[in-house]
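Below are structures written as structure tokens.
Note that chain A is present in both complexes that follow, paired respectively with chain B and with chain C.
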Partner chain A sequence: MKRKWVSTLLIHLLAWSLALIWIVPFFGLLMTSIRPLSEVIYGWWRFEEFNPTLSNFVKAWNHPTAPLSQGMRNSLAVAIPATVVPIFIASIAAYGLARFTFPLKNYLFLTIVALMTLPIQMIAIPIFKLMKDLRLLNTFLGLVTVHSAWGIPWILFFMRNYFTTLPIEVEESARVDGASDLVIFLRIVLPMCVPALVSAAVLQFMWVWSDFFLALILIYSPSKLLATQRIPLMRGVYHVDWGVLSAGAVLVMIVPVMIFAFLQRYYIKGMVGWTLK
Partner chain B sequence: MAEVKLKEVTKKFGNFTAVDRINLEALDGEFVVLVGPSGCGKTTTLRMIAGLEEVTEGEIYIGDRLVNDVPPKDRDIAMVFQNYALYPHMDVYNNMAFGLKLRKVPKKEIDRRVREAAELLGISDKLRAKPRELSGGQRQRVAVGRAIVRDPKVFLFDEPLSNLDAKLRVRMRAELAELHQRLKTTTIYVTHDQVEAMTLGYRVAVMKDGVVQQYDAPQVIYDQPANMFVAGFIGSPPMNFLDARLVEEDSKVFVQGKGFKLLVPQDKLTDEVRSFIGREVVFGIRPEDLRTPEMVREDRTEASFPGRVRVREPLGDELIVYADCAGDEVIAKLDPHLPIEPGQEITLIAAMERMHLFDPETEQAII
Partner chain C sequence: MARVKEKISRSLFIIPALALLATFVVYPVASTIYLSFATGDPPFPANYWAVLSSREIIDARGFVRGFPLGALLHNFLWMLIHLPLTTFLGLVLAIIVRNVRGSGVIKSSIFLGMVIPMIVGGVIIRFMFDKDAGVVNAVLGLLGLTTRSWTAHPESALLALIFGSVWLWTGFSMILYSAGLSTIPRDYYEAAMVDGATPVRMFFSITLPLLKPITTVIVTMTILWELKIFDIVYVATLGGPGGASNVLALQMYFYAFRQFDLNRASVVATILMFLTLAAAIPMITSVIRRERR
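Presenting the complex of A and B:
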């Protein structure tokens, strides 16, 4: 009885410390973003004076050299198509791999899975060259294409696994009812996969939204820079306004957090779905 | 409505033969049951009729049409699956209407048929419910409803009752029988449950290892099983099989085993039976064809043999006794009011007019 009490206490202590380690930097960022620079210059944890303000957010939003308002618009213009396109393509491909038989199917699937292990830095130069040859450098289309291509393997893997857990009788039943392959996919399978599709969409959107590396390689016109690219530009050469910088970071973060919060219900279902048959 | 005919149909998965040259015919309006243990090929056979599996060899006809290469949607069949296979994101109404919508049936007609089927199955108040809100029995009804709104030529059922609890299963069984009486649609029904097979089927095909062992009316299958497998599969508890030898003494023929020597009735002595005189046979007798002297008035010494009771299972309406007869286990279904206790010596009397003999090598019935 006593031992159980001790172990419960230890588990709680451990969990709380981990949570604190996780939350403290974020809390610091938030504190810095809502207070004037003079208050946080000696550390955000000092609360002798505390005058919360939104002025940092306004400044970041309308920054003279790198306005976040434009950056957020650009990021959305990239992240939305770079989420929808790979999910659609990968789902169709994954359905094919899950339900149809054709020569070399397993080798194809293995190749796709193997491609997932490739680090993105390794292909930076080839991608740059390819996009240059395609005249897609410094265009959103180019960035969307690369993000889509990069997202397809893992979404395909994820969706294929999900499809294999669906009861095949439902699809067979639709087939007997008179549905074609495409009708089965669009009207039976996809609606049954909403949780998985949402999970994949959330993860892919967050990845594209928070990406800095690919954007840095492919987009360089000041007006086209994405939100993540603008945060470092908010730092002056001689003077760093930590408040504006933090506010910018918080603003950029808000979008994926909101998406996650709204879709969390489906997201959890999707993640749990393919482990529980 | 149409008849269904299978000619020499074979299905192979790689090197494994799931269905081996079976011939089967369901007449127009007939209710045919395929029964057998799991892995016997009954579901594969049904799926080939549905068009969900390709036929490796042989021919399948629905009506007069060869359907080997016809896709499921053009075969004019409807299938009910074991796990119901309802569309989880559609309500009951749309589950039933889906097939009709795909066939571009006018909306009014769809509505009429769906409501009629719902009425027939007693789910009219559930039309707007999603499958997850329904009980197992209701889901089963929706699955059946989805099949009947299409008014197909043939119904295919794949173990439709095995996911239901025992009580509901009995009720749905009766409902399915009633439904068939009313619709008279040719039906092929797969089950592993012999009670379902016996109660529902006009004819029953008993399958094992991809081969139809016997295809006949339920009572014929019970009374005259073609081989030891059918004899052991149909009937509960299963038929007793005892190693024995046919011997002739004073122009009487006896079946003699380790602990028994029973007179074979004159009318059983066909030429084929006589050809086994002096040879090994397997003597088969159903538990319900065994009695005790208390249950039989006249003297039946030549049909009786002793045993010692090992276990008794009182079921209320009957008493199952497992007895040891000179090393053979014999199961008997007796009068529950008999004072029988484990360890007791009893005399069992076989109803020899219902005896069976099998060839121990081929396992085929001799009578």
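Presenting the complex of A and C:
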């Protein structure tokens, strides 16, 4: 009995110290962001002097060449539509694939699964040219469009899997009552899918917010740069100004971290759901 | 007549998605493949040969002299170290954490690396390997080992990024393994215990076989991530010093948007696509098998 008690204690100790090790770099980032550079240049773990200040955040927010205030606004202006649009378009298509019959339906599904594995570099050059021809280069509309298209395969796959688990009887009885396919989808099916839609929205929003590559190739005027694009610009010229850089990093990560904190259940369900199902 | 109308209205469900995909994904993919072959020289091997024999992609001299080894080999090295480490660590963590109080908090703090933008992950990696301000060197210093800015030296830049990315990614396999473990019914273990099985025996005869499907998913997703790695390298080292931490996705970006060599860039992208497709085959076939059922 005593041995069991000891092993329980040991496993708690091990688990908690591992979590501590994992969190240390984040703690360091936070400490560096709230202290003057002179205090952290030889290590944020030294606490002989400790004068917390928000000046790094103010500097990052109003950075002379890459103000994050603007970057965060731009990122929101891209991430919100780039979440709503593909979720609607992909959900309605997913319902079609789950419930109706089409010629070549299986091949279509296979193609969509294969598209999920594509590296984004595979579309970079033609997308750049296409956006230039459409005069959508360096516009949020262009970036939102590409993100929407890029998000469709996985959202479609995820929602289709969800739809196939729903009982078909409700929809059939509505059809007998004379409701059209679209009405059934909007009035009956969608309300039943709110948890899945939230999961998809959380993951898609985080992906768009965190994206760097697409923004890098499609958005270039200084006032339009997204938040993630501004991070590499905050490094400082002659030496790395860790204070401002880490304050900027904290600001950019705070959005996905808060979403994860509040909607964790949906995030995990989304991630596990579309890989595990 | 009603049938035709129904067919039309039903196809309207999928047409917007297909149109977007065709214009902004499928057409660009086809166009990139075309560009990768298009050249004045005899078409097939010319571009591919030029790219594969360039030092940026494969640099065999590296085996004698050290880094750089070329972007392709760097990606392979990334897989070689990162894949077994994160998969194994994730499994171990998932098992350790299972019966611990406050496992939610522990899991969240390990998973945090997955939640943040990878561009921030790259900043933190660079920061923790910094000579004076970095926590890795503080620990090494305590142990009496050499301290240096690990990402600034060609022989250690790539390895620093790889180990940093292990820290970021382990949460992924831990979360999926945790989910997998929770689906194994407790009765299996109880029955095995009645039969007098040891914990080790139970692990190898019950836990591990039942985790096989989730392992396929974890391994596939991890390989895809390792092949597509970009942001971390861009912000931490920009592939340097001297190409010592370059990777395929970054090299594609350099070819396309710094040197404007679209053919070479398309070749690198296409190679990357074939690698990701090959890696995803087990997952795709398991999806198809499930559809047949």
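The definition used in the following text is that the second predicted complex is superposed on the first by the 241 of 277 C-alpha atoms of A that agree within 3 Å, B and C clash if a C-alpha of one lies under 4 Å from a C-alpha of the other, contacts with A are read in each partner's own complex, and residues count from 1 in each chain.
Please note the rule applied: contacts are C-beta pairs under 8 Å (C-beta built on N, C-alpha and C of every residue); 3 or more make two chains touch, one makes a residue touch a chain.
Just so you know, these numbers come straight off a predicted model, no measurement behind them.
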- Task: Figure out whether A:His12 sits in contact with chain B (first) or chain C (second), or with both, or with neither.
- Result: second
- So, A:Pro167: does it touch chain B (first), chain C (second), both, or neither? first
- Message: Quick check for you: in the superposed arrangement, does A:Pro103 touch first (chain B), second (chain C), both or neither?
- Response: neither
- On chain A, which partner touches more residues: chain B or chain C? C
- For A:Pro191, select first, second, both or neither according to whether it touches chain B, chain C, the two together, or no partner. first
- Message: According to the stated criteria, A:Pro64 is in contact with first (chain B), second (chain C), both, or neither; which is it?
- Response: neither
- Which holds for A:Val176: it touches chain B only (first), chain C only (second), both, or neither? first
- Note on the structure: Overlap of chain B and chain C contacts on chain A, residues 180
- chain C-touching residues of chain A, taken from the complex the two chains share: 8, 11-12, 14-16, 18-19, 22-26, 28-29, 32, 40-45, 89-90, 92-93, 95-97, 100, 102, 106, 108-110, 112-115, 117-128, 130, 145-146, 148-150, 152-153, 156, 180-182, 185, 206, 209-210, 212-213, 216-217, 228, 231-232, 240, 242, 245-246, 249, 252-253, 256-257, 260, 264, 267-268, 271-272, 275-276
- Item | Sites on chain C touched by chain A in the complex | 6, 9-11, 13-14, 16-18, 20-21, 23-29, 31-32, 35, 93, 96-97, 99-103, 105-106, 108-110, 112-113, 115-120, 123-124, 127-128, 130, 132-133, 135, 138, 167, 170-171, 175-176, 179-180, 213-214, 217, 221, 224, 227-228, 230-231, 234-235, 248-249, 252-253, 256-257, 262, 265-266, 268-270, 272-273, 276-277, 279-280, 284, 287-288, 291
- Message: Using the touch definition from the top, list the residues of chain A that touch chain B in their complex.
- Response: 167, 169-170, 172-180, 183, 188, 191-192, 194
- Item | Residues on chain B engaged by chain A in the complex (per definition of touch) | 50-52, 71-73, 77-79, 81-83, 85-89, 98-99, 102-103, 146, 150
